[in-house]
Amino acid sequence: MTAPLVEVLGISRTYRMRSGLFGRAASVHAVDGLSFGIAKGETLGIVGESGSGKSTTGRMALGLESPDQGSVRFDGAPIATLGSSAWRAQRARMQMIFQDPLGALDRRLSVADQIREPLDIHKIGTAAERDDRVHELLQSVDLNDSHGRRYPGALSGGQRQRIVLARALATRPDFLVCDEPVSALDVSIQAQVVNLLIDLQARLGLTMLFISHDLRVVRQISRKVAVMYLGRIVEYGDADDLFARPQHPYTQALVSASPAPGRRSTNRIVLTGDPPNPAARPSGCAFHPRCRHATARCAAEVPQLVALDDQRQVACHLTTGARPKTQDAA
Amino acid sequence: MLRYFAIRLSRALLTIALVVTFAFIVLRLSGDPALMIMGPEAPPEVIAAFRKAWGLDHPIWVQYLDYFKAIGQGELGRSMRDGRPAIQLVLERIPATLALTIPAFLMKVLLGIPAGIYAALHRGSAIDRAVMITAVAGFTVPSFVLALLLVLIFAVQLGWLPSGGQDSWRHAILPIVTLGFGGAAVLARFTRSAMLEILGQPYIRTASAKGVPWRRVITDHALPNAAIPTVTILGFMVGSLIAGAVVVESVFSWPGVGRLLVVAVANRDLAVVQCILLLVAMTMVTSNLIVDFLYGLLDPRLRSKGAEA
Amino acid sequence: MTDVAMKAPAARRLRWPNVPVSVIIAVGWIAAMLVLAAFADQLAPYGFTKFDLRNRLSLPGNPAHWLGTDELGRDVLSRLIVSIRISLLIAFGATAISAIAGTTLGFLAAHFRGLVEQAVLMLADFQASMPFLILALAVLAFLGNSLPLLIGLMGLFGWERYARIARGLAISANAQGYAAAVRQLGATPQRVYLKHILPNIASTLIVSMTLVFPEVILLESGLSFLGLGVQPPMTSLGNMVGYGREYLTRAPWIMLAPAITIVVTTLAVSVIGDWLRDKLDPTLQ
């Protein structure tokens, strides 16, 4: 196994929120002691509901937000201090794709100017070389120069997301974080963008962190998958294997809720109880109020992420202690 | 609730502190106060004694604190012109100013608010247009131009009213009308847009759709809600009762605080200017505070907003 | 005519047929004022301080003095043209200063948050809660008077509005969207604020400028009217009204010409501002 390009070591992030008339400050543990690594050229998918801390994780992995605890290492060295000039220079090597491409683009600049912007910022190449690179980038996302002259408002959602992708790739980054890159797009367009991402990832040898609530998309694009629930990873493993044999009750519920060809919907696990609220994190295993198998131990003790075999890690008292019957979902 | 008022009160005190700081900074920027006050011909030993007496030989932050202390104790200096305490000069003039600004304020409220409400309820009517045109005129015609036009018409051409002085109630009519007109126009425009905004709200439409008589929709729902933003601007108007008549008092030679200020500025009578500045700040802050308390009573939602801000 | 308009490309550019007459007149008036101000020396028929003692208090319509003369026989038209130049210079200079200062402070508040933001908001509250005329008079009393000081002083007027707008819009741009996206590309804060946020909020700021500008004209003319603004021998619109007040009974035209200019100019800017606000920025009330 090669050394990971991106290494996340026990990061936590807590937000303070004021609520109510007298502004009692409450702590919201968005991310709580998370660790993972992504090997060069690999894609890690992060799956979770909203409020699971997956976006915060992506931002911290990219250095856009500093963790309160723990550290993020990139290419063997800690990420530079947020906002410093070293940090800015490092942006050329790591980039982000956003959920809302229209929001991520400046409506008052032509898209060619925006694709060119990272080259201007990092002073890469001469003016002519930058123009050539813009042309090349437009081609690589299946657009042409006439698209480049337009403004974001005059493009479709899928085209905009390709522009964002082209801009992110302009400086030939090593690491790309995609935060729900297709969830704002029409389903028919989603597949195109996902295929383009898979294509480019293979062609350019990109290392990616792919964040989504959509299991199908994650499964299609990721080699490894981490399932998050209320700021913690509850299960981690190879994508195909994890979705075929989910071990954690939460993963099982997610997999059963996700439509898949050839599976009957009768054995669907319906989650009951409140959806996860990071401001009111249950004690012990955060999932226990909604878990069918929960025991007294689950409410009292936080389960650690433990390797089940050399492929799979699960944070569940049931799987590490008395294992429940494995569900074969596929 | 208590917290809301505590925040408002500390803000008010902060504003006063800022005004004092402003006065201190401008005073120091203006040059050597010893020379300014004693005059350039004063002998050096007199200047030195003055500096010592006023603490001007201390570091600047000590002077700053001393300045606060002096103002806190009501030491506002003496007028350079006749040597009387500045505060006394200013207080003497307040009744004359209020004699103009209070009737003018009533005129603004009694004309402006009904006109604004009427215009909003009869949107597009001739009266609405007239109110809007008058409101625009009230904004674009400066008070000194309006004052001179009124003098030209009613004093010079028609000879009905005196053009200046303070001998009888008739002398007060033109200044009051000048002051009241502009304010009434602003208030009418403001009330109109506040009303229109409220009338566009879903709950108004719901109330009228439920069959509540239109008159009751207006009196029970629209007016109380439109009152909330209008109170702010009224508060500002009350706060400027003392300061609002600077230009008009000068045009009509009305011996109020505003005219005193203009004369003091022209003569660079710093103690008087400083005193009026503080007086204006106090009235503004006090009226803002009253408005905030009224807000707290009128709109419970603002209490929680205020606590977060 | 409508057919042509329908077939025109659906760009967001403003087409002339859609511009109301009042706005065209207002733009024309402002343009005329600017031409008068720019070429005041060439256009003024006489020197603005030149006496014509044979034609004192001459009525308007006089072929030698279209707008008449004042008590010293100075040509009212020439004085008016020079006054327009000075008043517009002050108004434009002051509006530019307050727009630049306010926007900068708003951006600083949005960028640094925390103490800087609290300080800016506190100053903005202070400014909004004190009648500006009183503050201006205090400064003039303490610091004396000169044209640069007057422009600078008027430049303190209205900055808090730009600061509030710039802060609010920059914070929302930073929180989500293009500004955050450009920042993570590695752009410096200057680039984010000047190249991206500023062009995006420019229309809102310009609308605010059209609201502040007439108020600056009124403030300056008020101060000058009181004899505390522009000092003779220089002249401004407010000065002329103040001077004309002495001759209200005998020669009202001395006061009427500048007074009408003030009123029409503020009206024109307000008309343009209202129209721009509807066109560019429906979010402003």
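Order as written gives the chain letters A, B and C; numbering starts at 1 within each chain.
Keep in mind that, in the parts below, a contact is a pair of C-beta atoms (placed from the backbone, for glycine too) under 8 Å apart; a residue touches a chain by one contact, two chains touch by 3 or more.
Not measured: the values here are computed from a predicted model.
Enquirer: Write down the chain pair with more C-beta contact pairs when A-C is set against B-C.
Expert: Per the contact counts, B-C leads.
Enquirer: Relative to the centroid of every protein C-alpha atom displayed, which chain's own C-alpha centroid is closest?
Expert: The chain sitting closest to the overall C-alpha centre is C.
Enquirer: Taking the mean of the C-alpha atoms as each chain's centre, how many Å separate chain A from chain B?
Expert: 57
Enquirer: Using CA atom averages as chain centres, what separation in Å is found between chain A and chain C?
Expert: 51
Enquirer: Could you put a whole-Å number on the gap between the CA centroids of chain B and chain C?
Expert: That gives a centre separation of 23 Å.
Enquirer: Which residue numbers or ranges of chain A touch two or more of the other chains?
Expert: There are none in chain A.
Enquirer: Which of the residues in chain C end up touching chain A in this complex?
Expert: Going by the criterion above, the answer is residues 176-178, 180-182, 184-188, 191, 196, 199-200.
Enquirer: Residues of chain C touching chain B in their complex?
Expert: Contact set of chain C toward chain B: 122-123, 125-126, 129-131, 133-135, 137-144, 214, 218, 221-222, 225-228, 238, 241-242, 244-245, 248-249, 252, 255, 259, 262-263, 266-267, 270, 285.
Enquirer: Within the complex, which stretch of chain B touches chain C?
Expert: Residue list for chain B touching chain C: 11, 14-15, 18-19, 22-23, 26-27, 29-30, 136, 139-145, 148-149, 151-152, 156, 193, 197, 239-240, 243-244, 246-247, 250-251, 261-262, 264-266, 268-270, 273-274, 276-277, 280-281, 284-285, 288.
Enquirer: Can you name the residues of chain A that touch chain C in the complex?
Expert: 62, 64, 88-92, 95-96, 98, 100, 103-109, 117-118, 121-122, 164, 167
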